[in-house]
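In what follows, structures are represented as structure tokens.
Below, subunit A partners subunit B and then partners subunit C, in two separate complexes.
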Partner chain A sequence: MTAAILDGLVLGLQFGLLGVGLTIVYGMGGVLNLAYGAMAVASAIVVSVAMRSGLPAVPAVALGILTGAALSLLLNVTIMRPVYRRRGDQRVLLSILLTIGVAFIINGYLVWKLPIEALSLSIGGDAISILGVPMRVGSLLASAITILAGVGLILFFRRTTAGKAVRSVIQDEVGARLCGINPASVRMLIFTLSGAIAGLVAVTRSMTSPVPVSEGFSLTILALLVTVVGGLGSVKGAMLAGLILGVVNALSSFYIGSYITTIVLLVAAALTILLRPSGLFGEYT
Partner chain B sequence: MLEVRALDAGYNNKAVVNDVDIQVDDGEIVAIIGSNGAGKSTLLRSVCGLLPVLDGDVIYEGGSIANRPVYQISRAGIAFVPAERHLFPGMTVDENLTLGAYPKRPDSDRRALIFELFPRLGERKRQAAGTMSGGEQQMLAVARALMAIPKLLILDEPTTGIAPSLAVNTYQSIATLRDHGIAVLVAEQQVPLVLSIADRGYVLENGSIQLEGSAAELRDNPMVQKAYLGVA
Partner chain C sequence: MVPYVAVAITAVILSLVPLWIGDSRTLTGVAVSGLLFACYATAFNLIFGSTDQLFLAVGALAGVGAYTSAITSDRLSLPLPLTIILGMIVAMIISGLFSWIAVRRSLGIIFTGIVTLTFSLAFDNLLLGQRSLTGGETGMVIDAGKGAFFRGQIPPYYVFLTLLIGFLLAYVAIHRSRMGWAFRALRDDQLSAELSGVNVAKYRIYAGAIGGAMLGLSGALWAHVEGFISPATFTFVHVDVQVLVMLVFGGIGTLLGPVVGSAFFTYLGEVLASFSQLRLIVEGVLLIVLFLALPQGVVGAIVIGITRLRERRKGLP
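Let's look at the complex of A and B:
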């Protein structure tokens, strides 16, 4: 039981950060990036290929995160342009359609060219005992990196002027423009950051379980669940939602079996929408 | 400093404001008065870039700003306080003010001036803007605009939702901005109030200027008295 909860927390931290990357883009411009998981996988595969060709782990990981950021930036300056010219429902729908297309392209390319590639960063060392449960070093390192990234992001959004500018566009775009903020450049920043987060999560995830080329869509769906439960556009909400869903996930695979876990997660998300339509924290955090 | 020339503005390419000429000189307080639906907000929004300029031009400090992006107009020194305020509801008073100064760092003298004009805000620096009363939010909206150290402050009905006694205070505060070299263009339906502090004014009805003159001329004008000052 304790072991399952600890495993759930490790997983949940990653779910949380994964959700953050998607939710900031949604909160920002009212667009959903369904190529998000595919971009994460593309980053992971870049790391894997780079390491196989002899690059040491740290620069390979940096290259992977850069790949995520670059892909996302590219998306923002190309197919997102017509999306931002639309408003409201049209904007969301168009973003969904176009990014699903991109997801298929990335996914199709990877499955075609590198069908059996998978990133698996095994971190050596003896297990460390936490609350009497032996935890693998990989899990602990992944969690530490994720916590650092999460705290870093929250500090960025709370403390820095750029972070405040981002939140201002999320809360009231007209108000932000009137304050001299250019929403287009803020969106560019957020999209790039989102891609870097996708890359980072793919890397930390591969420290506990392999990330194969086929993982894209399930990562996107996970990120969507976290976003919905956490409240659209809320960083704190996404982190908390990730932890909750991670623990739910671990407990349900522990007690019920992993085949039904996805359904349990969906039910948990559906319940949140019914009970708190704007998510755990609402929209303004 | 601001010259609106033969401006047409409206929605979906249909003008509701037609052929409007307006001028604001340095350090001047200029009022636009007119009844509901006259086109005051439409006019101000198009000057600030929130609505397209369909025809005519907007000249600011010698250059055209017509159809420039809102954020550029803001950075050029025009601060607009819309009637809907557009504050950042989930952020504190302090954060709203900081963003008002964007992209510059908040100026401490300016902050001090703001808390002098609106002591209420000084007591509530950590309160979320969305939880403040309507009147406090209005003060914050004006204060946020002032943080940009604008040369021209444009206000759309700054006393909506404010008790009459407080509305007088608001206009007294606005009047002091003259001493700080800030020009003000203000749309208002509370005609006696705004004419008590304005230098000049325009009467806008059905989308076009019906009358213009000094505040005193407008106050003494029989048509203005009949329509807006409740004089029979």
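Let's look at the complex of A and C:
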């Protein structure tokens, strides 16, 4: 039981951060980036290739995160431009369709060039006992990095001027513009940050389980579920939703097992949407 | 009269396709699957195009029809036509239920999309998990229709062509009826439609149920014509993404958009088949370029073009 909950928390932290990367982009511009998972996988593959060609782990990881950030930035300055000219549902719909195209391109390229590549970072060392449960060092390191990143993000949004500018645009774009904030540059910042988060999650995830080329789609779906359960645009909500879904996932695979686990997860997400359409933390950011 | 003429012309053109592709078994198979996707896209067009409900469970609803029909005919030995109707009804009820939930909880486009998407994924997992009933990942072979005429090479093409033409006629009939007026009103402006006495909730549920019935029927027919189904036939990635792309390419809310879109992407898939590794990349690039260049879709752009020409000829501004 304790072991299952701890495993769930490790997984949940990853889910949470994954969701944060998607949710900030939605909160900002009302666009959904369905190429998100594909970008995470691309970062992971860059790390893997870099390490195979002799680069040490830390610079390779840095390169991977940079790749995610760069891809995302590129997306923002190219095909997202026409999307921002639309309003409301039209904007969401166009962003979905265009980013599906981008996901096709990234996926297609990776499957074509590196079909069997997968990133799995193995962290050595003996298992460390927590609450009487032996935990792998990889899981602990991944969780520590995720928590640090999460705290860093929250501090960024609460304390720094740039973070406050971002939150003001999320709350009211016109109002923010009147206060002298340029939504376009804030969007660029957020998109880049989102890509970097995608890269980081891919790296931490690979410390507990391998990230293969084909993982992109399921990462996007997972991020989408976490985002929606947490409330679109809410950082805190995404974190909490990730943790809850992670624990639900671990508990149901511990007690029920097999394919039902995924169904429990999906039903939990669907019920949250139906009972609280604005998400767990819908009103706040 | 124009829509009926358009459907008739489409029927004539499509019925000549087997002459063009000749005796090849593979190509006929591709053409049949193209027609199946045109049926899916027409049903999806009724749900999404007419009433703005983004159902990301096209494949799953077709799968519900297919598996219901396959299991009741093979395991319970019910008569084949009855099982097909059963598959259609079950899909109709589930789809209508989605609409009902979406209306009751007043979910927007994105939330409707995500709730139906979770159904798609859960259904896929259920198919994979219930091995004894569905055969799991390996799929199931359907014995019920063995040796019947529709298991031949050419007949499946005409079975699905008939189905498609039926769907298109139904689409036209619906849009010329009272329901069509309600659809147009609620798409233009939901609030003012409601205020003018259009029961938006009712018409959304009608659209969902009718579209669901179409999907269930297509899936059930496919199961018996093909004689084999597996979860991969109905996954979100294989069906929903494709159908969405086809419909948007052809033109959301247009009569022939679904047909044009599925014909184009089926043809493209065949052309790119020999470069299968490049296929995804080319499709991705094409998607982006087309959506940016033709946001109303091919048929939408043509309709707008014709309307402008007419106005100019009449001397209207």
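In this text, the second predicted complex is superposed on the first by the 283 of 285 C-alpha atoms of A that agree within 3 Å, B and C clash if a C-alpha of one lies under 4 Å from a C-alpha of the other, contacts with A are read in each partner's own complex, and residues count from 1 in each chain.
Operating definition for what follows: a residue touches a chain if its C-beta (ideal position, glycine included) is under 8 Å from a C-beta of that chain, and two chains touch if they have at least 3 such contacts.
If you're wondering where the values come from, they're calculated on a predicted model, not measured in any experiment.
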Combined model on subunit A: subunit C and subunit B, fit or clash: fit
Touched partner set for A:221, first subunit B, second subunit C, both or neither: second
Partner chain in contact with A:137 - subunit B first, subunit C second, else both or neither: neither
Touching partner for A:179 - first (subunit B), second (subunit C), both, neither: first
Subunit B versus subunit C as contact partner of A:164, first or second or both or neither: first
Most subunit A residues touched (candidates subunit B, subunit C): C
Which superposed partner A:273 touches (first subunit B, second subunit C, both, neither): second
Partner chain(s) touched by A:74 [first = subunit B, second = subunit C, both, neither]: neither
Subunit B versus subunit C as contact partner of A:103, first or second or both or neither: second
Cα-centre angle that subunit B and subunit C span when viewed from subunit A, reported as a multiple of 10 degrees: 90
Shortest span in Å between Cα atoms of subunit B and of subunit C, once chain A is used as the common reference: 16
Subunit A positions touched by subunit B in one structure and by subunit C in the second: none
Residue ranges of subunit C in contact with subunit A within the complex: 52, 101, 105-111, 114-115, 117-119, 121-122, 125-126, 128-129, 237, 241, 244-245, 248, 277-288, 291-292, 295
Interfacial residue positions of subunit A with respect to subunit B in the complex: 161, 164-165, 167-168, 171-172, 174-183, 283-285
Residue numbers on subunit A that touch subunit C, as the complex places them: 32, 79, 82, 89, 92-94, 97-98, 100-105, 107-109, 111-112, 217, 221, 224-225, 228, 232, 258-260, 262-263, 266-267, 269-270, 273-274, 277
Touching residues on subunit B, where the partner in the complex is subunit A: 48-50, 69-71, 74-75, 79-80, 82, 85-91, 95, 98-100, 102-103, 105, 130, 144-145, 148
